[in-house]
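Which chain is which? They are A, B, C and D, in the order written, and residues in each are numbered from 1.
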Amino acid sequence: MNTPVSADQQAEIDALRDSPQPTLRAVSPGMEAHLYTAHPVLDHGFVRVVDYMGDDAAICQAARVSYGRGTKSVQNDEGLIRYLMRHWHSTPFEMCEAKFHVKLPVFVARQWIRHRTANVNEYSARYSILDREFYIPQPEQLAAQSRQNNQGRGEVLEGEEAQRVLSLLREDAMRSYDHYEAMLSQAQPDGTPQQGLARELARMNLPANIYTQWYWKVDLHNLLHFLRLRADPHAQYEIRAYADAMCAIVADWVPAAFGAFRDYRMEAVSLSAQAAAVLRRRLKGEVVTQEESGMSAREWREFEGDWG
Amino acid sequence: MNTPVSADQQAEIDALRDSPQPTLRAVSPGMEAHLYTAHPVLDHGFVRVVDYMGDDAAICQAARVSYGRGTKSVQNDEGLIRYLMRHWHSTPFEMCEAKFHVKLPVFVARQWIRHRTANVNEYSARYSILDREFYIPQPEQLAAQSRQNNQGRGEVLEGEEAQRVLSLLREDAMRSYDHYEAMLSQAQPDGTPQQGLARELARMNLPANIYTQWYWKVDLHNLLHFLRLRADPHAQYEIRAYADAMCAIVADWVPAAFGAFRDYRMEAVSLSAQAAAVLRRRLKGEVVTQEESGMSAREWREFEGDWG
Amino acid sequence: MNTPVSADQQAEIDALRDSPQPTLRAVSPGMEAHLYTAHPVLDHGFVRVVDYMGDDAAICQAARVSYGRGTKSVQNDEGLIRYLMRHWHSTPFEMCEAKFHVKLPVFVARQWIRHRTANVNEYSARYSILDREFYIPQPEQLAAQSRQNNQGRGEVLEGEEAQRVLSLLREDAMRSYDHYEAMLSQAQPDGTPQQGLARELARMNLPANIYTQWYWKVDLHNLLHFLRLRADPHAQYEIRAYADAMCAIVADWVPAAFGAFRDYRMEAVSLSAQAAAVLRRRLKGEVVTQEESGMSAREWREFEGDWG
Amino acid sequence: MNTPVSADQQAEIDALRDSPQPTLRAVSPGMEAHLYTAHPVLDHGFVRVVDYMGDDAAICQAARVSYGRGTKSVQNDEGLIRYLMRHWHSTPFEMCEAKFHVKLPVFVARQWIRHRTANVNEYSARYSILDREFYIPQPEQLAAQSRQNNQGRGEVLEGEEAQRVLSLLREDAMRSYDHYEAMLSQAQPDGTPQQGLARELARMNLPANIYTQWYWKVDLHNLLHFLRLRADPHAQYEIRAYADAMCAIVADWVPAAFGAFRDYRMEAVSLSAQAAAVLRRRLKGEVVTQEESGMSAREWREFEGDWG
């Protein structure tokens, strides 16, 4: 069971949720409902919205460089937002911002941080001692190396092999953490005093499935770009789990922008010059072969997989 | 007189200021008081805060990657903020964000935009028609080219010359705008119809003192960096006027962070390796000459100007 | 006639072109041929390649994090580059870099600078005096405001109106520049001494069609993004002229990357979820109406314009 | 012994070093001498220059937006470079770029990547299998947690404790890697076939002292900023070892810029407003106490540590 925050932490969060204050800023009711709540992800992780700026109307307000709210009507605003998304106008979407508190395994954090246009404050293992929490996959997530895709997963591991893997992951995690503590400690197991290794050194013994946490702040344009790449079936399952949780939050925060994002990005199809030409010919009733298409065998396979 | 917003615009702004809403987010009372108010700058410009995220406590909350508010005590927080600023920890300051609506002359906008780590939506002169508003300096700002500093101002122009300059600026601005309108118009002065030049072309006739406006959104770390460079005596007066207005706003928004910024950045002194060595010797009572200092004549002059 | 560089400048450039030096770095023969040559753009502008880093092989080398050249075979490399482009892997393309010297009208510079992920050094009008060079469009570029597209051009202006526009642009440019010089001068026309206005102030009288110049340095990924948006028919003609000239240079620099960019970006077609669904139904022989399509009237019009 | 590249890799590198080609670009002889050479860092790591753009003269060329080389004289150029550095002009330094191939432990990579203004291609452990190479500190680097500084190291560990730590680090590294291989393998130890876990999952068992490698490309301004923070005594020793190696390279690449950086950044002293005021009073012969200084006890301690 994932109980990502302790009772003490929950008490602090509850206190915040009980004390609304008046503001003159734009307020998104859908996002207020998410504030501070820890949405569980994986076995010990979570995503929490800590703060946000703007809403759908703020996108229009910026696009119109208006003095007031910038809203003409909800319908009008949605049309403008869809137009902006369709025609790749990114700056109005940059006018909204969200700040998340995320708890995640280190190997997921290493993928995540590759998105550079964001602000990050990570829990410091030079300064603090990490908790004994490791990501151990559910059995249905234990997959073999894919034979088609060099960087993907294939079939789920069968029973005994899965058990062997889970045992190794669990035992190595526990042993590494025991040794981490032993190196940090100012006493040996029998009580004899020792100096205790510096934290910045001891951490090097910890495996990549240990959990870390950070504050991550990003504008809506770059957040949607992150979600497009990470809520995608080609992304590794473990980061996709976070991206999926964040998609649900964004849909409540800026419903019009998220709808446009879904239609023009997530579920959109990009056709190469060659693929578009083949479709145009097919629509006229022509039969086109790979040889005539200008596509390589691999591209043709991808194209046929998509369009038959 | 600077009346930067029209009656209609003011009515829209007033409506926003009259409708506070509850929020669970961090609220900065000092910043709420500024929200939407247009602070006049130069003859027709302004700076207005449109939205913000975070406060002094949010800086500490991020630095501590905490579950709750992150505050221990106001005094404790201020100490942490000063420590972070003193030791060049920039990421916690990136966790606050502000969005401004700014009206400014084009030549100021061209300097401003050089700060790339910000989000901008500018009023489009391809899409819309610019207003007939131009920056005309106050007589006390009409200065001669500096003889010491190749990119600065020297003495204020004397009476008649100043009048000649003001006349030229005013007349050229009015004539350029008249011709801008004439080119855009679908009728000649005598009423004969004409096609009317595209806006994206007609705008090229307008001089750099015409006013434009934009939404500008930036995190606190990058905002302070902007203010450090632009609220500086070496910056051109016209952009400094905006930076000064924004300093006053930031001081109300995040008083502890602004205090630390003032002490460790704005009013701080940076000593080169050579200058520090000279001061150390002077403190021991030694007299050091330029020849012994390792500084060039120019550096020595700057150093003596500062330290006597 | 566009003679963008003076005889002196050309002599300096020629001296550089006559002195090749040995290097151990990756060399792109196609790009060496462009080095320093000023490609004329518009009436007084140009684009010159000043330096570059990397070639097609360097993209593969980085993608493979290889010790040597990273090349397996030209064919193999091209396949990898096309795969990377097709699947939105941007970081290998960031491993190439180009530095351009560009001379361009200020209103073009103002659009260009919106692309923030680049390094820029602009000629300083605080420090130096600008030249008397203004962009005056060719008659065939003088277009009316579009009636369909609020930010585009429509039909070319007819004879007399075009002449009136050209006269206004030319006269206002010359007069503004005359007054710029008069304000800067340390003597009145009759020789009476005056102080001379600071350059940083006098420049505000100059219209947006005056030429400026800058050094612009950018990685290949961001350069291609710039070209995608600015070599597009929706971009304003004047910036497109620069983008077109740069496309020709990039095609010689990294032929495989440019080919992939052309097929998967410039000439690619992006279908919304709804548009893809309509095409799938059409391929099965169904007739789909706007009402059934899930598209707005405007989207349907854009879709029909593209697919019939 | 650190033999960071294999014989095959060295052969590839040697081939590159043996085939200089002519170029018209700016060439830095000091940097050519470093090209491709793997400078050993820590026990298995290295830094190699793969490519570069620009030299000291290119900084001046960009600052002057010049047509030719931009050089007036070496002395003149050095003066300009020192002026630019002293007055925080960053854009001319952005006009130089370097690309490094770095092999480094994962916990160092995690600190390094926090510098976001750079381009990175990391060896993919989703796609490839990592090598059995782990960072094991030299005994003289095994330090206790500092008692003064919460995120630093204190005294070196004494004999037996050091041996215990080294044994734990070595044994856990080997065991984790054995299990990594066992999970990936398509056969059990006794030869019974198994499916083999996906690489993207198996990697989570590897500790943070395993080596990874990447291509890292950065402009000179941001490289110097990185070096200022990471070649600093407060930085963790392991990343400082890389920064020190890179300082030596940069000093050969752009000697004037590096000299200015050393004098105005690395060895410069920043005085807060309060500290500067105290020094001014001391220079006049006054004795100033902490109480009068406006500094907190902690700041005063830091100040006294520096100035006596």
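Criterion: a residue touches a chain if its C-beta (ideal position, glycine included) is under 8 Å from a C-beta of that chain, and two chains touch if they have at least 3 such contacts.
All values reported here derive from a predicted model rather than from experimental measurement.
For the self-contact between chain A and chain D, the two sides draw on mostly identical residue numbers; the shared fraction is above half.
Distance between chain centres (mean CA atoms), chain A to chain D: 29 Å.
Centre to centre, using the average C-alpha position, chain A and chain C are separated by 34 Å.
Among the residues of chain D, those in touch with two or more other chains are 91, 114, 120. Contacts between chains leave no pair untouched here, as each chain touches all the others. On the chain A side of its complex with chain B, the touching residues are 5, 9, 12-13, 15-17, 19-27, 32, 35-36, 50-54, 58, 61-63, 65, 67-69, 91-92, 94-95, 97, 99, 101, 119-123, 213-215, 217, 219. Only residues 79, 82-83, 86-88, 91, 114, 229, 234, 262-264, 266-274, 276, 279-280, 282-283, 296, 298-299, 302, 307-308 of chain D touch chain B when the two sit together in their complex. Across the interface of their complex, chain D is touched by residues 105-107, 110, 113-114, 116-117, 120, 124, 126-127, 135, 137, 141-146, 150-155, 157-158, 161, 164-165, 168-169, 172, 175-176, 179, 182-184, 194-201, 203-209, 236 of chain A.
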